[in-house]
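I've put the structures underneath this note.
In what comes next, subunit A is part of two complexes: it sits with subunit B in the first one and with subunit C in the second one.
Up next, the complex of A and B:
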């Protein structure tokens, strides 16, 4: 063994420092043990987000049907008939507008909301002094859907913002009472919003008959939603309970009457030249089903939603029911 | 003291063996079978960082850590059952020549790599990727014992005509390979694992940073003969500047010193020990970056989360997959205790992140209806603790569903071959049965007509236990198979 020089010695100060360090570390570790002495293993609790209703008091049970060829003018006329957008949206409101932007299709194929209808809704809201964001969680790539459907352009030109879905915006959310009590939903925008306006389009649907206002709320749900097809009518009734909108603008300008909900051929589209605006989801959807030639009893979710008290099937029973031409 | 230390090592190794022995159906009577896993502060801190949810038993780990701050790595020298095993192996490989032994026990800077590994694993844990169980000595030994040593003992008992249940584990060769490799590495350096790899040792070594007690050398009487190093298993350089973060407090050097120059006590103003590991700033930052890169890289294909997440059937009470992976130590306690042998270490099924985590493989067994043993022994709550009543859904009518069974009508005998069978319906353990039959008229190959009962699944009743799959006579590829679709932990309720 080679000689090693005698090592340097500890000074008293160094020793005291060491003792203090060791005592502190021991105390820290012991303290941590003490802190955890009563902890039990609990499975992580999932707190459910609750979405509050967005309806404005005193505006329930209203509906206006506007007929004509200019979608934007129809929206203006119908909303004016209901007393103007300021009845529903106040300055400073944060408005979330939910069009049907489910597919990567150009507007004339009728698979998505008409850009002129969405644009006019956004413009009317912005004009009241509200902040407007448009969102949807489409089936195809979100960015592509908004661009090709013309809804991105319409939103931005009207002074609104686009809010594309991202994983961080989803949370487990309370939905309804039938089959989906909780689901992964686009909760952040819904919590942000003080008002929600649905702008669905009139489409046929291979499984549930018609995709209208209530079915359009599917676009607030997260990925595994294809499972809901196993009992789609109950699921749609749940969605109708999930969102109580401030206003609904049902776009019947280009109706997808066949091969819904995707369509893909101009031959599947029929001009409807109608926009219905109102606050009763069931009455609006019954009207939309009629446009597609379906009786209310042929679309089971209408009856289910009516039973759950979401709205009325017979629009004659509404408090306000008008028709206008523009 | 050296003799006392040996008694401790033998005692704790035996205790470990006894607790593993008790981790079995019929023996598990509230014994603290997770005692050793709890005593590893590394497991506790890792699970805490990954999931922010630990059991009170973490106090054992923290307590040992606190004592380590004062006295050093006594755990490694006195308590660790893997350490005891490796020390025994090292002794078998010991060369005769004193000089050769001194050479093998010299401190080398490569011993710093265990600290690098520690930092890397803790970084991963902070982002919810708990890979600590791969390297924690207790988790490693528990896993190796459960899936390799215990079945080996079982096989040996078979040879002597004892009737003990056969235990087979699909990952056993891999786990055994790692374990045997560890044992053989002692031929290169005594306690190779403890010196170079063990992240728990690194954690404890780091905690010994300021310890005021230790082995001290009287430089006046020391003749620098080097004999102390010939017996030092820790390679902590007792003959020169003692590395207190490496020292196991094994007392070998004190016992061996012919001049009685080495004593244990308060550090005196005679000599400085080396306090901190040689972990340079560059190495530390490298480990930090490496940890972050490892998380990103391992999650690139989606693995345990998001798209591409493998669908595996987990034990009853297992948390949702992401939460499960944040807690599972891969210790194998659940596999050890499972009475049917259905719980198997995942190989490729659960992705890279989930390697060696427990999955159900119905070839080996099935989930016993009235059994929640796996949930009783899970040290971190990856499988939440529950009663049999809870599992069966007795309070709320919603039993734990592991998945759903599906018929493969191209293979199922009554469907494909017009033969009677219905073994699946016979064994289905839920009441009323989840498999029902309808009598149907079928045409035989010779044209005759026959009335035959064919099985169907009621997904509302099926709990995915896999007994049907296990018992299906088409043993190589059963005609009824459970998939993770509809499992309770994924939520979804009515929907499959």
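Up next, the complex of A and C:
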């Protein structure tokens, strides 16, 4: 067996060589760290973070569609029909709310969640005695997006807190089984949370047809996530496996029916006057696709997610399915 | 030369003269009249996703070289500029046409300007600009002065493309190109029309196109064509945001308009064939003429 000679046996030349090597290594790793930090390409940690499901037992396979012109009233009516927010959120819960705040566009352009819908979700959660934080990871400056979309104001006025993404909040995390098995994700808020509520908006998407509930989890990802657009349907199905939400409030008050996901013209936005609340991501997104005039087979990720057991395409198969007016 | 005598050569530390190449030849100041922007952000094509994420590939297909972003403010309001710089004018026009829809209002500032409350989109050479108001009710007219100032700083526009080049397409018989100065196909409403014969899935039809100098004129062509269709006794007439058409003497035809371009299909054997040809022509126009 070969033994390493003890340090005492090293010559001065060997010591100097090793010291120089160590210094070079330190400089190299320091330099790499600087590069990584600035590019936010955080090296993967040895262990992957796993996000546990946030669903409340006994609430699976439920959906209520509420129609009317007052977004906040629709949220209240739909949630009440499901038994009230207290059925999903308990006093002391830490609730993470995820709207779609992907772009720094004003609310009337339909590229982001309606402030009145987000505000009501936060208000209902706060009323249960929970701590509520709202987050999203836009690629643009996050605070700018929250301000211009009106979602910062809505959050704060409703008694919630804004949790802006920062590099330290990201960790390599298990995602799904199709395209993204692991990714640099906004893990710290997800580990902090005991409940997660998605508040996506209904909008067209030029790559995948529709951006709805499952696509909204994309905002939990960091790093160069635009690469995922190459296999977008598989990636979205992975996101549906990544997050099993406590509840989803699908905002169809103003729908971006063309030129999504960014839009830019009020001519591309149509009033939807509908909010769907439920726990089945596939059923909710199938409904959202219908609002955009798309059949389920035109949005490939719906079928993929259904095959993976995330939910059902046919909302008639849900355990609870109701429609209300408010 | 970094050092000149004991002094550093200042030229070495200033940006090179061709720095504007980094913005594909488009350079804007931070102050334009009463309008100010804190910063101008240039994103080359591979970084456009940082502003528009899932939409970036849409502009890439039209040859986007990059996106110039600026948030402008003035006493009249706040508007964000998204200026897409394409490889050429046909790419810019393609994106401009592809994002248009019938609900847009047209303006006389330039032939290729359209908008809705809170929005103004313009086309100038290889640049396609979008001005988006922070306040939803802001009328597009409140930003026309900024638009004019921006356009004045953009590279000069090459001559208008010969409309006949719009009809170069694999489905079109190259030797079938015709030009009608007036009364094309017997319609008084149709003048300076280029037309050609196309075959798609064994269904033939005539494609035609003309470019006008202003929106009002283009809209008037559509109005007069519609009247003539009725007068001539067209049946199964239809109209929507994009096109008007019907059946005439056993053949189907339609006329569509996007901004100052009017284009259409004639001599289709069925409504299905008409639709197929229309979609093919529309798709082709949105992507520019085949070189």
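Everything below uses one rule, namely that the second predicted complex is superposed on the first by the 281 of 326 C-alpha atoms of A that agree within 3 Å, B and C clash if a C-alpha of one lies under 4 Å from a C-alpha of the other, contacts with A are read in each partner's own complex, and residues count from 1 in each chain.
By definition in this document, a residue touches a chain if its C-beta (ideal position, glycine included) is under 8 Å from a C-beta of that chain, and two chains touch if they have at least 3 such contacts.
Only a predicted model underlies this, so the values are computations on that prediction, with no experimental measurement involved.
Chemist: Pick one for A:140: touches subunit B only (first), subunit C only (second), both, or neither.
Modeler: So A:140 only meets subunit C here.
Chemist: Determine, for the superposed model, which of the two partners subunit B and subunit C contacts more residues of subunit A.
Modeler: After superposition, B is the partner touching more of subunit A.
Chemist: Considering only the touch criterion stated at the top, classify A:91 as touching first (subunit B), second (subunit C), both, or neither.
Modeler: In the superposed model, A:91 contacts neither subunit B nor subunit C.
Chemist: Identify the partner contact of A:182: answer first if only subunit B is touched, second if only subunit C is, both if each is, neither if none is.
Modeler: Once the two structures are laid over each other on A, A:182 reaches subunit B alone.
Chemist: Which of the two partners, first being subunit B and second being subunit C, lies in contact with A:231: first, second, both, or neither?
Modeler: In the superposition, A:231 touches subunit B alone.
Chemist: Using the superposition on chain A described above, determine whether A:205 touches subunit B (first), subunit C (second), both, or neither.
Modeler: second
Chemist: For A:105, using the defined touch cut-off, is the partner it touches subunit B, subunit C, both, or neither? Pick first, second, both or neither.
Modeler: Only subunit C; A:105 stays clear of subunit B.
Chemist: Could you pull out which subunit A residues touch subunit B in their complex?
Modeler: It is residues 1-4, 6-12, 15, 17-23, 25-30, 32-34, 36-44, 167, 172, 179-182, 224, 227-228, 230-231 of subunit A that touch subunit B.
Chemist: Under the definition above, what is the set of subunit A residues touching subunit C in their complex?
Modeler: Spelled out, the residues of subunit A in touch with subunit C are 102-109, 139-140, 148, 205-208, 211, 226, 229, 258-262, 264-268.
Chemist: If you look only at subunit C, which of its residues touch subunit A in the complex?
Modeler: For subunit C paired with subunit A, touching residues are 49-58, 80, 82, 99, 101, 103-104, 115-119, 121, 130, 132-136.
Chemist: Using the touch definition up top, name the residues of subunit B that touch subunit A in the complex.
Modeler: Interface residues on subunit B, with respect to subunit A: 41, 51, 53-56, 58-63, 65-67, 69-70, 102, 207, 209-212, 219, 224-226, 239-241, 267-272, 275, 306, 319, 323, 380-381, 384-385, 491-496.
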